[in-house]
């Protein structure tokens, strides 16, 4: 039995390890474009100089030897021939598989700003190569424009702070991290950014990148007419699933990405998928679990993915941590918003009829994990007689037979 | 990062802790390894001493509350002058004894001694302490029986004893480190005598659930059995004790049948206990508030002493009649506060003692009070009676902790001046005062404490004072200077000076510590008294190993009395018995300090609750978390949340002391000799509040 | 593997376990806690070293990992990036960051570093409310 795993990040690594744990004797091959295994979530620490490449590796020591996984790295998959049960690689080799796990992730999307695709010094922040190029480029530039103030954009800024640059952030919304934060929580970060000299351009769009005859960026023109100096652009406005190689295959994908069921199976037998390549719930823990679920089913062990709660995020930069869950603002009057501001801590809970639908916890996140569970499982909290911000597990306390907690 | 070793100022074990300090902030606190009391462990309170005055802070400036209740902040200079002027004027108008003070067992020995100088000698007024509420029974019992207030044990005895008898004590909650030392003792038989199946009772080998306050009958019956079976140490009795024959006569009438009726314990069990005491080679008796806080407390404590003496369980390792103290420096107060005893455990009416003290202090003998202070309850009476017009309260919270506490609040209305000196301006008592003097936690003090096993340990300044902050010692000096006390105050210049005076006070007395060098107390294992000049240091010592007591003839007195009925006994209108005591390890007394500890806040009830027997709750139609009104024989009512339990008898209730509602109900009943209040046995009635589930 | 069994009816909220945890790790923070439910019952909230540990699934540096032999979910602070996803992921709200620098996760490690290798909270509990059981 030969298993092939495409991708060496959260899904791929956990999927391959699970396959090995369930199938001690099968052949397992991992194919990845990445030459190193690294956590994309902390690439900005590489840019800032905090960590070296090894410090980005999230696997256990000697992972490939320990789990006996053959790793073909630095190679892209160019074509899937599901009929033939084979994949073609960018070095023109062909590999046949018995079962295939597509965990190829997603890549930076360059938004259709004039000249952006033609220009030099335009690097997303999705791969180690991106980070290396950015790290190199900032040695010789002064003005950097980050397009988009979502999680990746904000990470990029955090990674660039100590390089003595003029950083501009261009964001369409009226605040950074618009999906995760409300105005109050975001404003804290605005203040911290400004203190560090970062220029926030909120509620604006980039219209045109002005380049010189060598295609080097000179200025970024905004839709307000403002021109900001710009020598390096980091588009952080979204990602697109890496599914080009599926074009000629029968494997179904939609606008978001690869389509899988709760067993991780695609519409084609023996082809499975997991992680950001699906374009849905693109957060680390989902990628890990989908990799494990798919691997289980590939090894003949029926296991279903049950955790579809994807709107959960934490962010920790500029010395301020925030956790964001579910609906961060009441969508209409039928929902209640509770807010508590104590010292440097901002807490908000959105609830309705005894169920919590969302929360923002900023500052001290101690013990806040309970909210994740209450929100994702829509647990009835009406029996809790404590102030809502003091809710803890005590009111749900229950031990299973194996002494684990349960609800 | 600096590490400083200092002493916890919560309970009487006075554990030592290492404070890690950086930039005048405490970064972490860890229990001192190798310190004889706690060797690398402690309880949650000591671990969180850094939380004091963090959420609830005073302004750091004295305040005056005018007649309309408006607050004015004043300078220290003004505060001291106001104090002196007002006190002087009141004393001039109404007489010297028209002022009094109530102090605490939680300030340093040096502060207690200085207060005893300014208040008792210079101002010439009465001054008692909250130690009256917990330890005066033991102090009086020991003084009468041993000839000196001398707890005879060392905590190591808990580890070596083969039979540990706990009477009215709940160390699991009240002295957790003492309990952890009992746990080290893998072979001892542990017997708990308590009407309540306490946390300690649950963990004992045998729980003897006597009827409330039937302890003195129980103990005399036990003595009778031991004597009848000749399970006594005749040699020890003859050589070391007095009054055995009349004691024997006295206990003769305590038959097993009588005891069973009164105590609820079968004759068989009493004999069984006697047998265990007889079989044990190192039997130790330990007691705390269950004994001390009663209307016949001193005689009950002495009944325990009598048992230890007649069975020869004194003066040897693992033995003793051992009273566990309440507060970190109750012992310091008993010996050096100059209130119930003249400095150093001396007597106010002894001419030799008076001369010694006047010479040490270089003052006229006339300055030394002629007799001990009037007790706490008498001070309150005299305030109500109009004789005392000024009260100075230091580091204690009578509005909550006083028995029948409504009485204190009423008394305050009769005062012309109430001064409160405390680290919190918002305690139930601070809120009532006319002049507030803000002090600082012991973290910023220099001095010493004396713990329950007579161990002196250093209190070192872990943190530096902020500008304008004063310790209790500084405040006392400030007041002394405002009074213009003059040259004699110079002897008290600094806490170190006070310590040297204290050493002199102790010279020649059983508590002699002339051999202690304060500098050597720092980063040390503490030193138990006595420790005379020239003595060799031995870490864990006990008293009476030489079989000589401190009475004139060197023998211990066996003291007894006919049991007295409860002056506030249960009856038709108040058929149930309310017991009170510590509720949890984390909550300390009136919670002024421990309210700042998050761990404690997260795991304790926010408001008053009461334990009630399941059957009683059912009878009254009360379910868990419903509310009941408890009305007391003292005429007051309080509301409590009900927690049904099977740990107490059917007609008994138990309410933790940490909520002001509890002492609103306790009666003004005191032991005849110690004047300690009876907190443990209040006649009450219970009524369910209709529609009470909130 | 060995897991700490919790009998909440025996718990008296003495916080000896909290103290033992802090002392065992020589630090300023606790890794377990005791809270009270709405009905006033004690609830010892301890890391369960879950079979399916959410904190491990969510950790993107490999700092949180499950040791298959001992069953213990370990935390390597040298790999941790203080992203706090684990704090968010724990369904029982067991985790928090250190109080001084808000960097290190306070994670129960079953006191593997001690001489006896036994959890100190279990060793010190005076009521046997927490005991070590094989599961």
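Observations
Residue numbering begins at 1 within each chain, and the chains themselves are lettered A, B and C in the order written.
By definition in this document, a contact is a pair of C-beta atoms (placed from the backbone, for glycine too) under 8 Å apart; a residue touches a chain by one contact, two chains touch by 3 or more.
Here the structure is a predicted model, which is why all the values come from computation and not from measurement.
Averaging Cα atoms per chain gives one point for each, and the point farthest from that of subunit B is the centre of A.
Averaging the CA coordinates per chain and comparing them to the mean over all protein CA atoms picks out C as nearest. As a whole-number value, the distance joining the C-alpha centres of subunit A and subunit C reads 28 Å. Put simply, the C-alpha centre of subunit A and that of subunit B have 61 angstrom between them.
Separation between the centroids of subunit B and subunit C, computed from CA atoms only, is 37 Å. Among all residues of subunit C, those that touch two or more other chains are 33, 35-36, 39, 42.
Looking at the complex, you find that subunit C touches subunit A at residues 3-6, 8, 33, 35-39, 41-43, 45, 48, 50-51, 54, 57-62, 65, 79, 81-97, 102, 133, 135. Against subunit C, the residues of subunit B that register as touching in their complex are 27-31, 40-44, 47, 172-173, 176, 179-180, 183, 199, 202-203, 584-586, 599-600, 602-605, 609, 624-625, 641, 643.
Contact residues of subunit A toward subunit C in the complex are 10, 39, 41-42, 45, 55, 57-60, 284-285, 288-289, 292, 312-316, 321, 323, 325, 364-373, 383-386, 392-395, 397, 399, 402-405, 407. Contacts from subunit C toward subunit B in the complex involve residues 12-16, 18-20, 22-23, 26-28, 30, 33-36, 39-40, 42, 100, 124, 126-127.
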